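In what follows, chain A forms one complex with chain B and a second complex with chain C.
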Partner chain A sequence: MNGRAFRALVRKDLVLEVRGREVVPAMAVFVLAAFVLFRFGLGGETLAGGTRAAVGVLWIATVFTAMLGLLRGFAAEREDRLWDGLLASPVDRASIWAARTVSLLVFQIAVQVLALPVFWVLFLQQGRTPSYGVLVLALLLADLGMAALGALVAGLASTARAREVLAPVLFLPFAIPLVIVAVSLTTGTIPPQTAGSHTVTRLGFLGLYDTVFALLGWALFEYVVEE
Partner chain B sequence: MSSSEAVACRRLVRRFGERAALDGVDLALAPGETVLLTGPNGAGKTTLLRVLATVLRPSAGDVSVAGHDLPREARRARAAVGYAGHDPLVYPGLRARENLELYAALYGVDPGAVGTALARVGLADRAGDLAGDLSRGMLQRLALARATLHAPGVLLLDEPTAALDAEGRQVLDALLAERGRTTLIATHEPERFADRGWRRVELRAGRVAA
Partner chain C sequence: METANGARIDRATAAALAATVLMATALGLIFFYVPNDASEGYSQRIFYLHVPIAMTTYVLFVWGALNAARYLWTGDESLDLRSYVPMHLGTVFGTLTLITGSLWAQISWGTWWDWSSTELNSFLIIFLFYCAYFMLRFSVEPGERRARYSAVYALLGVGLIPVSVLAVHLGQDIIHPITFTRHGANMDNSMLLTFLVSLAAMLVLAYSMYEVELRGKRLDDRIARLRRLAREPAG
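Let's look at the complex of A and B:
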């Protein structure tokens, strides 16, 4: 991978977002609105399923927020017809995918920094603090997996006509295993649950998920974007 | 294919679904030659340029650019080709200088070349402007700076005179007067270059007209 080109592409995405403020504010509003709707629609830990259901809300909102971000992935390239400029350059396509993955990851982390405290206030009872180390690691691994998958799907959808339909159809089924494991993992970090040997196994699964989609993105992106 | 030709197509076919936009194109450009590619709308001019720029893969036939067979050696060919398409291919949300810095990184060009390229197209004093704030003529000049930033041996220009301002025409003329570069120009205005003595190739329905 060309390190200079990769850094230039990441910088381009971040500069465009800072100036245009198109993706992160929309993702933040979406996730906060989802929390509020679930909170007042279903209740917090008092809803059936308790902590697990509350954590499920967190991860469902996270996945849909990531999907919102990926729908805007390569938006500039599509709307301003810039793909030809990138594809005519000698940069390897894996660098384009990797740069988009990092951009999506940064956007998701920025949104979660804002959203997580709100989640705790709205959904968890006072004094029920999670194991922050495990939670942060789980979030980072899950975010990386969603970003790697999201960049691949965004590339595929960017050249398709029905991209708003295609992107969720491709993204959501692959996000299901991630949500199942992430919910179990996160629930286990909140008392009265205690992190046990399952925690390491589940973190390992998230790491494996990231590895698989990183390899797929790396290997397939060229075929996804080249006609 | 013959490495003595800067651009060579033999029975080149490019399909979009069932439709063949290029239907057996034979074309060869000698090193340093400039050729005008003409023809009506839909004749396949833009598709041919996009195939030669490695943006599109050929469906069938043999293609080589700068001595590299496509699509097998596309990456090496890309470093030798400059492509200015219908659109300027610059990010409106980035400044003129930032756009060229991005492309300099993609092409592995020294960042110092950016200032020179901007000065060459008369945009040195607009380097800090967002590309989206530039006039259409200025964007065309920025597109020319982008396409030639890496000093390509083969230059592909798609309607380069469209929306070009007076200063832009001077920039284009100076660019085309440089020797040693192979240039293929798709144009609806061949008379604009009538006094140059360049060879003219006409495409019709995806084939080179006899």
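Let's look at the complex of A and C:
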């Protein structure tokens, strides 16, 4: 992998986002709207005091928000013919995938910095709460897995008909195991339960998930952009 | 293989004949030979259909993924269809697995879907993945790019299968009956024989369907190519 090209590509994505503000604000508004929708959809009692349902709301909103980021995917590159320039330049395909993974990861973390305090205010301030340390670590690990996979899926959907519909369809089956384990992990730290081997095993799973899909993304992206 | 009057029997016909014989034998064993299960009674016989169908589905998916990997490795166009056809059949067998699993859940536990059944739920995730495979395949124009994208997504499924099974185990309690343990099959000889014949019948049926569908798809391709040639101006 070409380190210089990778850094330049990440910088390009971040500079474009800072100047254009296309992805992160939309993701932030989306996640807040999702919290409010879940609150009214499920009812206050179901979500009161750090219950499993409240934790589930956070994780589902996280997955849907990540999906919104990957929807943008490689659309900008395709629209402005940046893609041809990118493929003609001496940049290996793995660097393009890794750079997109990192920029998606940064976008997701930026949104969560805004969303987590709001989630606390809306759902957690009264009653039992999960371990915040475990929650943050789990979010970071899940973000990495979703970004690695999202970069590959965005590449697959980018030239398809109806790519905006296709990208979530391709992504969501992969999000299901992540949500199952993340909810089990976070719920397992709500008192009277304490973080222990239950937590370690599930954090290990998230690490394994990241490794599997990062390796597959790195190995397969070359075939997605072979034009 | 040749018949008495010298006509050749191709692989698809031979497989279809073998599947007919094996399927008839399996159904005979299931309904007239194997004894009732001690705890679930007569209705447990659905096991001899459900589990072989599920195992055949996994075999088809792995077969499709292997051919996808070979396609990416060699670029041999014929491997695209050899990857697509098992995936297609896997989805058909997968639908049957979900239907028979749901029936079994209703008979055993009194509910059409049991969210704490690890096998059913991990299978559901994998089934959704393969439905997405078809969405991708039919959203890209036919040709080299479609073959490549389908192969990439099929290989992602190889990562999803163990991850889903592990996730469902980590996330839920296990109440599904365990028939195979580390010490071997937990059933008597007549049950094991019925199960193995039924498994062989499903596998051979899947193979014969594979040969027939592959032949049909190749014929479609050839006709499409001939049509293109016919439209081109002469000289």
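Following the convention adopted for this analysis, the second predicted complex is superposed on the first by the 217 of 227 C-alpha atoms of A that agree within 3 Å, B and C clash if a C-alpha of one lies under 4 Å from a C-alpha of the other, contacts with A are read in each partner's own complex, and residues count from 1 in each chain.
Definition applied: a residue touches a chain if its C-beta (ideal position, glycine included) is under 8 Å from a C-beta of that chain, and two chains touch if they have at least 3 such contacts.
Remember, it's a predicted structure, so these values are computed and weren't measured experimentally.
Trainee: After superposition on the shared chain, which partner residues are touched by A:L114: those of chain B (first), chain C (second), both, or neither?
Mentor: neither
Trainee: Should A:V15 be classified as contacting the first partner (chain B), the second (chain C), both, or neither?
Mentor: first
Trainee: Touching A:R81, do we find chain B (first), chain C (second), both, or neither?
Mentor: In the superposition, A:R81 contacts chain B only.
Trainee: Contact-wise, after the overlay, does A:V36 reach chain B, chain C, both or neither (first, second, both, neither)?
Mentor: Neither partner.
Trainee: In the superposed arrangement, which partner chain does A:L170 touch: chain B (first), chain C (second), both, or neither?
Mentor: Second partner only, chain C.
Trainee: Could you look at A:R202 and tell me whether it touches chain B, chain C, both or neither (first, second, both, neither)?
Mentor: A:R202 sits against chain C, while chain B stays out of touch.
Trainee: After lining up the shared chain so the two structures overlap, which partner does A:E226 touch, if you call chain B first and chain C second: first, second, both or neither?
Mentor: After superposing on A, A:E226 lies in contact with both chain B and chain C.
Trainee: Mind working out whether A:M1 is in touch with chain B, chain C, both or neither, as first, second, both or neither?
Mentor: A:M1: touches no partner chain.
Trainee: With the touch criterion stated at the top, can you tell me which chain A residues are shared between the chain B interface and the chain C interface?
Mentor: Comparing the two interfaces on chain A, one with chain B and one with chain C, the shared residues are 226.
Trainee: Where on chain A is chain C touching in the complex?
Mentor: 149, 152, 156-157, 159-163, 166, 169-170, 172-174, 176-178, 180-181, 183-184, 201-202, 205, 208-209, 212-213, 216, 220, 223-224, 226
Trainee: Which bits of chain A are touching chain B when the two form their complex?
Mentor: 2, 4-5, 7-9, 11-12, 15-16, 19-20, 76, 80-92, 226-227
Trainee: Please name which positions on chain C make contact with chain A in the complex.
Mentor: Counting only chain C, the residues touching chain A are 72, 125-126, 128-129, 132, 135-136, 139-140, 145, 148-149, 151-153, 155-156, 159-160, 163-164, 166-168, 170-172.
Trainee: Which of the residues in chain B end up touching chain A in this complex?
Mentor: 50, 53-57, 75-76, 78-79, 81, 83, 85-87, 89-94, 98, 101-103, 105-108, 146
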